[in-house]
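Below: a set of structures, written as structure tokens.
One chain, chain A, appears in both complexes that follow, with chain B as partner in the first and chain C in the second.
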Partner chain A sequence: MKKLKTFGKKSEIISKALNNTDIESFRFWFQLSAFALLVYGGWFAINFADDLPTFACVYDEKRGAQCYLIGLQHQMATPWSAYLSGRGIGILVAFLTFFAWFILFNKAWCGYICPVGAIQDWITKLRIKLGIRYSEYSAPAFKGLKNIKFVLLALLILMPMSMGNSFFGLPKLSHEYAVPFCMICPGRTILPLFQGDFSQLAVDFSSQPKMILTSLGMIVTGLFLIGAFFKKRFFCFFCPMSAFHYIMKKAGLLKLTKDGSKCTRCGNCYRACDVGIREIADDIVSKDIVKDDCMMCFKCVAVCPEEKCLKVSFLGIPLYEATEEGFYKRMEGKTENDGQD
Partner chain B sequence: MMDRIERQKKTTALHLAMEAKETLRRVESEFPDNPAAMQYFYDLYRERYAEDAPQAKSGRKVVGTMCVQVPDELIYAAGAVPLRLCNGSTTYDQIGASSMPSKACPLVKATVGMLEISSELYKDKLDAIVIPTTCDQKKKSAEMLIDMGYKVHIMEMPASKESDEARHYWQNSVKNFALMLQKLTGKKITRKSLKESVAKVSRAGREFRRLNNLAKNSPPLIFGKDVFMVTNAYFFDDIENWTAAVNKLNDELEERKSKGFKVAQSHAPRILFTGSPPIFPNMKVPVLLEQVGGVIVADEVCSSSRLLYDSVAFDEEALYDMVPAIADRYLKPCTCPCYTPNDDRKRKIEHMVKDFAADGVIYQAFSGCHLYEMEQKGINLRLEAMGVPMLYLETDYSPEDMGQLSTRVEAFIESIKTRKRRGK
Partner chain C sequence: MKRTGFKFTYCGAALLAALFFFSKTASAVRGMSRIYWRSCRIGTVPALLAALLFSAGMAEAKDIDPLYLYAAPSKGGRPGNRGGDGHDHSAPQKKRQGPPAAGGHSSREHGKTMDRAAETRKISSPQAGYGDKSKGLKKYEPAMRPTPKRSYILSDKDISENAKALLMLADGSMGEAKIVRGKDKVLVEIETGMEDGPSHGANNVYVVDKKVSGGTLYIRTAKWINIHHSCGWGHDYRYDEQRSRPKSLDAIPLEITFDKLWSGNLHAEVLSGDRLGIEALHFGKPAPGAKISVTTEQQWTKRLRTDENGKASFRLIEDYFAQDWSEFKRRNTGAFTVVASYDTDESGEYEGEKYDKVSIVTTFHWKYNPAAVGYMSYSAGLYAGIFTIGIGGLGIFYHRQRRKKPLKEAHLDEKA
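== the complex of A and B ==
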């Protein structure tokens, strides 16, 4: 009994320490480490997984792991007849690997690990340093635009499928359209740059489809850089990986939940949210508050002043909870950090 | 004519001092076990009301504020000090009655009355008055004050706070207010000065929350009348002195807690106070309630928790993000009945009843305040569904209804006591 008591006391101290942490600086260092591992891992002979639910880009020669989407696009070009053969098993295993990795961190793959996400956060940091204001968009217009990510997800599956198979008797799509999403993904053009490899930053004129896709890729890269400068996580609104995550989020072991009865709708969380999820402040009914754009950065939890209103848990074990003390500590850190102006 | 006004001024000052003295006497000496740290606050009122001295001299510009939506952070950042003008004296209420409709809200009447009869004092004291467009009576009083010769800044506020459009509209008003302040003081609001003032107000808020949490304790460590005295002092006290004094009080209450000291038995009915704000010297309902055995453990009024509970949280350390963040803090969580819809207030009360383990709710509505009068029914329904009794009191600043109030409050407290006994 006494042991149990001291254990309870200890866990109380630990959770208090966790709840008081400055999650933003933790996230910054975590992202940096993840970036080093995923982008430079190859230098240390690390290649720890093939089907990660994040942009560990294959076009980066010295990567430390590999993104699931490229494999998926290759696999989807399999003819129907081959699905029941060994290749089918391969597809299944790849998906299960992806799924297993995914449920471990849920959408926090976006907020804490994705190198493309990290780059956008660094661009934001640069903007803030320069003292340039973020831009705001009309919410309804943007809402429609965000659905592009689901369209991209469908396309990155359907296009390869129509390479290996004929839909409705139509001719098969040219294999020159292979891995169409990779061709337009800013991860392909930008991440190799960190190895000094500029070769992806070009239009491929070898065939018409390649030219179309790589031109699109260049445009997307430009939009990515400009967009991310003025709007936080601009690209993530259109990311098919994020759409894929969202479909599977219920299975995630890491959870972000809200107790609406404790919410004052003060909107601190909405203000802090890099992807502008209004429901986080206004939805007082849903327990599961993870929306399609959520990247589980947990900034919302950090700025919530209501005891245990927002909560991060892993397999039901609370990891990070909103507390009054944590809120005031973090705000104090922000308002009393420097005297410079 | 001149003579009559002069005489009226003299009698007003006399009555005000008497009124304040009487309330202080009741608050201070009719209760046992006042925390020693409360002395600071009692003395503060004694000083403030010995003759009407709205605020200690600070050498800075003074901005009079009406309503909780005025962002103090901006006022401090511009190098001025806020002074909340909402008044609770029946003496001033009677003066205001001559220029306002007889059935108007006593709070507005008293405030207008104060600024009318003591106009020399307040015109000298106040460099500007800020009035957000909250209720009709506050709005129209702005025009009356302009006619009296005050410099009034009207902050346009949306009647609803749900949409992003409303939010942006208010953010713009707050920005305009900041520009007005800069003009008034001739001092630019900078990132640094704003950060400092946000920190200053946040420290005060943090102490309030600590007090709020200590008031949650069962058995109770402090009477609600004292909490009201503390929060009321925020209207006019120097913010840093106030924060230090509340800190001291909280330390004392923590000591009380560890020693098991209590101001009432743990079975004393725990009351949540909501509705029109008790503002010194109008403490009649809280004092009455606690004299007959109830304890106010929490409140949902704009002179106390609604004023101090919420805190600014900005994301980027730059004016373009901090000023809108300040605007949001004064709009989004605010449960003022001037907003429609105002389900947030119902939810807040519901949550507080549970959180503070309240046995009942006292709902004070000043006769003439249609907003509180109209929200009464909805809140009563919500509480009924929870099985929590509510006493609705329509009252004003005059001492005439004391007898009637005391009968009703006593009966309410007795009925809760009976319920609690049966429950056991």
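== the complex of A and C ==
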């Protein structure tokens, strides 16, 4: 009984310490470490994993892991008949690997691990340093644009599929359109730059499809840089990986939940949200508050002053909860506008 | 007048003969042997002596005939066709330019005896054996399409009974390779399995054929590198330098190794314009002074000699040019053939026959693609990126400026 009490006391102390944590600082260092691992891991002979649910770009020769999307696009080019062969097993194994990694951290892959996300956060920090105001989408624009990621996800599956198979008797798509999403992903053009590799910045004139895709890739890169400068997590709004995560988010072991009865709809969480999810403040009915654009950065939990209104848990074990004490601790020394840049 | 005319006739005939002689000589330079021609036409004693000496030298090299390995046509279609995995690994062949290459990899097939001069010519000649494409023979295999069993066709079906095939697996261990003698062809068969095992990576296939003739031991070796890889097995070996680098086998009398033929991901990556380093190894040790000849499909040839460390290097020529942009194939795959020869004064006995010289010749094929600099443009990429940033920045600036202006609202004058 005594031991149980001691354990209870200890866990209370740990939980208090965690709840008072400056999650932003923790996130910064976690992102930096993940970036080093995924982008430079190869220098230390690290191959952390393949088929990760985050951008670990294969175009970066010295990467420390590999993104699932490139493998998925390759595999989707399989003819229908081969789905039931050994190749089908390969597709299944890759998906299960991706799924196993995904459920571990749920959408926190975006908020804590994704190197492209980290770059956007660093660009945001630069903008704040320069004292330039951020931009936001209007509510109707937000609603319309958020669907783009689902369209991109559908395309990245359907386009390779139409390379290996004929749809409705139409001719097969040229293999020059292989890995179409990777061709326009800013991860392909930007991540190799951190290795000093500028080769992905070039436009490929070897064929019309390649020229179109690589030109689009550079246009998206330009949009990424300018967009991320003015709009926090600009690209995440259109990211098909984020859409993929959202489809499977219910299986995630890491959860972000809300107790609507404790919410006063102060709007702190919405203002702190980098992506600008309005429902986090408005929705007082849903328990699972992870929306398609959420990247599980937990900034909303950090700025919530209501006791246990927002909660992060892993396998039901609370890891990080909104507390009044934690809120005031984090707010100490901060000005009114901090966190709203 | 008649006498003068007679003289002029003689002089003209002499002039014509001289012109004919020089023109013949000039064309002969490109032909078999300058010395033979000179000795025949000029009849000078030194030239004749030189020709005799040269012929004597060549006579020793009689019967040596390089041995080549070719990829046997796969049952599922022509080798080199595209996989269904979305990779664009191989090249469409029909667009390959240039004249059809000379046929016949072996002079024996043409019923000729091959002397060293002819061999040299053959080595440097347009792709010995290129014409065998009609028989489905290929000098490269499709990449990243692993199959559990591979067959290679030997260029010479008259290899000796004691010829042996060797297989060194990617992990350095020895595998099993067997020579299968058929009526029309001789195959070398290897088994690599279909898993991420000892054969995952570059597997070296060798054939060694020996014969004593005229007091010389002639050794012919042929090498083939089979890349047994599926991207589905992962790319962990890119961190294992020992595993991913081209390897050599000490038991091979003469072997050609390259410094780099594929990337860490086991994707073949030789491009036109690349400088390739070669090392000739005689039983695993550097072979200084070895003669090396590199020939591409378009008949470009480079002759080299290895230095004291058995090394040499050459820059691969760009020899693929499309007539039109739409016809250009980035993955156009060409093959180049490397032939190396090396002679030693070793003496000994082989199968009861004594020899006091050893003459070795070895061959190897590899593939290459067009250079990326020919179709990649950094400036176009940067223009596209900078233009987007500029337009985006201006758009945001304009949007913000517009929002700063006071609203033009119509106010109702309530007093009126």
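Everything that follows uses one rule, which is that the second predicted complex is superposed on the first by the 333 of 341 C-alpha atoms of A that agree within 3 Å, B and C clash if a C-alpha of one lies under 4 Å from a C-alpha of the other, contacts with A are read in each partner's own complex, and residues count from 1 in each chain.
The working rule: contacts are C-beta pairs under 8 Å (C-beta built on N, C-alpha and C of every residue); 3 or more make two chains touch, one makes a residue touch a chain.
This one's a predicted model, so the numbers in the text were calculated from it and none came from an experiment.
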Joint occupancy of chain A by chain B and chain C, clash or fit | fit
Is A:M295 touching the first partner chain B, the second partner chain C, both, or neither of them?
-> neither
In the superposed arrangement, does A:L52 touch chain B (first), chain C (second), both or neither?
-> neither
Figure out whether A:C114 sits in contact with chain B (first) or chain C (second), or with both, or with neither.
-> neither
Comparison of chain B and chain C by chain A residues contacted | C
Quick one: classify A:P305 as touching chain B (first), chain C (second), both or neither.
-> first
Taking the superposition as given, does A:S215 touch the first partner, chain B, the second, chain C, both, or neither?
-> second
Of the two partner chains, chain B (first) and chain C (second), which one does A:I23 touch, if any: first, second, both, or neither?
-> neither
Minimum Cα separation, chain B versus chain C, post-superposition (Å)?
-> 13
Shared chain A footprint, chain B vs chain C, residue numbers 133
Quick one: which bits of chain C touch chain A in the complex? Just the residue numbers, please.
-> 82, 84-88, 194, 230-232, 234-236, 238-239, 263-264, 325-326, 328-330, 372, 375-378, 380-382, 384-389, 392-393, 396, 400
Seen from chain A, its contact residues with chain B in the complex are 128, 131, 133-134, 139, 261-268, 271-272, 278, 281, 284, 299, 303, 305, 324, 327-328, 331-332, 334-336, 339-341
Footprint of chain C on chain A - complex, ascending = 42, 45, 47, 50, 61, 66, 71, 73-79, 82, 86-87, 90, 93-94, 133, 135, 160, 163-164, 175-176, 178-179, 198-199, 201-208, 210, 214-215, 218-219, 221-223, 225-227, 230
Spell out the part of chain B that touches chain A in their complex, as residue ranges.
-> 164, 167, 190-192, 195-196, 198-199, 202, 206, 209, 213, 310-318, 320-321, 324-325, 328-329, 332-333, 344, 347-348, 350-351, 354
